[in-house]
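Below are two complexes that have chain A in common, paired first with chain B and then with chain C.
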Partner chain A sequence: MFTGPRLAFLSRQSVSKLGMRRSLSATGPAASGAAAEYAQKHTKSKGDPISEDLAATSSALQTLAARLHLKDIPYSTLARTLITDTSGSRFANNSGLAGFGKSLLAFYTYEHFMINYPRLPQRVLRHAVDVYTAPRALAEVAKLWGVQSETRTPFARYLANVKDESVLGRLAYIDAVEAVEPGVTKITDSKTTMHADVAMATFIRALVAAVYAHRGLDGARDFIHQYLIKPRKLDLQSIISISRPTRELAVLCSREGLEAPVSRLMAESGRYSNTPVFVVGVFSGQSKLGEGQGSSLKEARTRAAVNALQAWYLYSPIDPTAPSAAPAAEYKPQPYVDGGEIVI
Partner chain B sequence: MPVQPAKFIQSTFRNGVGSFVQPCTKIVLRYCNWGGSSRGMRKLLNENIRQIAAENPEIEVVVQKKSGHPIVQGFYANGNIKSVCVRNYEPSKILEKISVVRNSSGEKLRKYNRAVESKNESVRGIWSPFHVDAEHRYRI
Partner chain C sequence: MTLQFVRQAVRAGRATLARQQLAMTGSRRTLVVVRNGQTVVRGLKKDEALYMKNPHGIEYPGNAETFAPLQELLGSEYALPEELMLQALTHKSFAHGKKPYNERLAILGKQLLRMETGRATAQSAAQGTQESINGHNFDVNERAIELLSSSPTLSQVCRLAKLEKSIFWRPADAGKGGETTIYSTSMSAVVGAVLLQHGAERAIEFIRSRLMAGPYSVFDISNQLFVDTA
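Right after this comes the complex of A and B.
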């Protein structure tokens, strides 16, 4: 598991390892040409470059840029993020951009959780990041942004006399899921097709890389936070599932040098009725660690232990500073080292 | 492993928190070149159409000629379409309808039965009869 200082190091120094050079992060109009040139030379996605004049004729692209406040990003770059490598388009595709954007997205999402919830167990952390960055989640976001799809094969487009130019502005891919006839769905798994969710995800990842290319690292970070992290709400309390809470709490207390936890009945009602309620608090010495209520003493005790463990795992510093939010020289890592997960 | 993620828990995406993306993506203004009910729409298209398009860069504005009553149609990111008939309307009233279509979320209209609807839990928590003062507690 990374700790704070290591994150700070990663964010500033290792961007080149993620797939693009630092030189690309220069902002301003001069950078756009350099970015396009670089992407053309160094990525796998070969194809014709998209001219700015051609891309600017697409009303779908113009409205998408306005909706996402991306007016400072050239339409040609934006058009490219919408062409997947299965589209069969003659233009350069988004696979290189998407690969880099995926790394950036994962990095900042991990950072967000590790800074805000430093005690989150590893598996829960991985799942939480997955909820934010998996294709399914990104596809949901892309649909909310109003991204339209173009799933015809190059042959079908040729027959319909549709040129590659007129497809710009719509997400071009060949769908792996095809409704052959009512009740029959054909699913193809090959390199020439793509699932809809994956195609949408490559667009968002490529867009993150495009924002990086034209606004720099901080711009990409802000974009990820504003458009992908902040709007999503995940109830962390309910995703933590604990199989043996009372035992785990006892081990935790002994590891942290606290007195062994004791469950005490705090209130009850209708013990001899068919709807009894018990409120149990779990105490370590004088301090109450958690509280739970249930229709049996055992249930209430278990809920109290779960409540105490949730409070432990979901500890959040009052004013957490992300390493990437502060300049490298100013960032002071907090001297906090977590004991890690509890082993029972 | 004692602690596992509960993978069935769904997350929600709240447009407007952190960023807001306009749900309306396209507006179609349909008019008839001959019909009297399109008089207001024709006047609007002659005088204001450029201004409407310039004021809404995030929305694709399409003008469509088709016989019948004029309509204002909104296309939304969630796939829904909202159509408003604007026959015999003055340009000012049509502009009102355009703004209604533009500002709509595209969700189906439904009746809200509760005064407050929120995706967030209450800050104060639910009132509990077991946490009032022991003297006033009701005992069965």
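Right after this comes the complex of A and C.
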């Protein structure tokens, strides 16, 4: 029946762990047959659970919970979001949480931009989403939240007589960038180390997943909007770059069934001086699409076309409703679905 | 030398230049071409009838028969307007992007699929064990979750739902493939279109009822397509 190739993939789980998970889950209720079976088959190995009493003693976790209004989320879950898979801690780590949190974050950020700017070119859209969800961006947020790091190796912690328990509440990872001696930095690239930004990012992603687990989808959505999307402003106009504006505008007009664009000189000053100024408008029939000024006719014409294209791409509907923002009964179909950016 | 003669010479000169350019660029399109040895025109325009049909010979924008397989997959609960269905089934490569295409619908749909497959596995895996967080187990292998919404899986859904013939696209070269990407993009775009038309709640229902259960279940397809080498 299946003609496609059978593709192999690598997974880190061991056979013995698989067997263990099957016997454990035999007692739990099965939600959906196929999904449950698939999930059990691919469950990863994990560490010890963190006890709530132990996590509640961490002042760092209490501060974090108070700062982000996370009182409804158990301290043990918060503690887990701060343990990366490079930490060497005996406790369960955040890698699975982070993986799921990443998909939540990506969906809601893409949705935000697609609904608010339905005509953004695909590359600009991806870049915009990156500005909010890339490790560097998330690391900045985590630093603002006051997350502190614990980058000692398990061996160094052992020598210093620091137990895994006393590290709870700080972001535990082993830094890939290590200052060996003044002027010499050693960068390790392996599975046992992590860059600081990436470690911070896994914490925020894991936290999003934890919020989802306790507050549901809407709770996670609100959290993402409140703490990750709203506080940051992005100047989209500066991101859009257009390589052949006049040509692109001509293609746009022909695609949309408008009259071919014509550039007209609207005002000029000092044509024969060394600082001339030309103002050019680009028109389709009677309607002006854009206006630009420059020190040569060509520059002004190009700027006018860029201006017109930016106005097209940055169109934003008045008061849009995101698909995830309204319950099914109240949702109205999106009034405008764009056909895609202009191909030249 | 009369003025008329000069003009003719210039025209002839231009014509030779253009012919030379044509010869030099070979199969590439040139911007300058001479028709009748007289008129200078810019650009060549292909006849629309040559490219306005998909690899199966179906002419854009299709007919009721073209949309029937997709309508069957959607059912009356998740029905889409015809133009949205057409957009979800049109790839950017078709007609040089002149017709509404599915790129952005696919991005959004893919993100929702990723999220939903992750959610479904987390909810169903080992509930009530001590490591789970409020009934969710997030320790399912990420790669395994990714495979549920991967191109091979989604393109297989597309094939099983018999949507291949309804998709408008242009193959890069004859017999060179590319179907997997095109088919999976269209499937993601269908999810994206349902999301924009019916909202997130209904779109999630659609994924759960049509793509996670029944004949097009991504779980079954992934199990059949991929081998766990661990």
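We adopt the following convention: the second predicted complex is superposed on the first by the 298 of 344 C-alpha atoms of A that agree within 3 Å, B and C clash if a C-alpha of one lies under 4 Å from a C-alpha of the other, contacts with A are read in each partner's own complex, and residues count from 1 in each chain.
To be clear about the criterion, a contact is a pair of C-beta atoms (placed from the backbone, for glycine too) under 8 Å apart; a residue touches a chain by one contact, two chains touch by 3 or more.
The structure displayed is predicted, hence computed values, not measured ones.
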item	value
Partner chain in contact with A:242 - chain B first, chain C second, else both or neither	first
Partner chain in contact with A:233 - chain B first, chain C second, else both or neither	first
First, second, both or neither for A:137, with chain B first and chain C second	first
First (chain B), second (chain C), both or neither touched by A:342	both
Comparison of chain B and chain C by chain A residues contacted	C
Which superposed partner A:314 touches (first chain B, second chain C, both, neither)	neither
Which superposed partner A:99 touches (first chain B, second chain C, both, neither)	second
Which superposed partner A:67 touches (first chain B, second chain C, both, neither)	first
Touching both chain C and chain B, counted on chain A across the two superposed complexes	341-342
Contact set on chain A toward chain B in their complex	59-60, 62-63, 66-68, 121, 123-124, 126-128, 131-132, 137, 140-141, 143-146, 225-227, 229-235, 238-244, 248, 266-267, 269-270, 273, 277, 279, 293, 313, 341-342, 344
Footprint of chain A on chain B - complex, ascending	1-7, 9, 11-19, 21-23, 25-26, 57-60, 76-78, 119-120, 128-131, 134, 137-140
Residue ranges of chain C touching chain A (in the complex, touch as defined)	84, 87, 92, 96-105, 107-108, 111-112, 114-115, 118-131, 133-145, 147-148, 152, 155-156, 180, 193, 195-203, 212-213, 217, 219-230
Touching residues (chain side chain A, partner chain C) in the complex	1-2, 4-15, 21, 24-25, 27-32, 34-44, 46, 49, 77, 80, 92, 95-97, 99-100, 103-104, 106-107, 110-111, 114, 118, 122, 125, 209-210, 212-214, 217, 255, 322-324, 326-328, 331, 333-334, 337-343
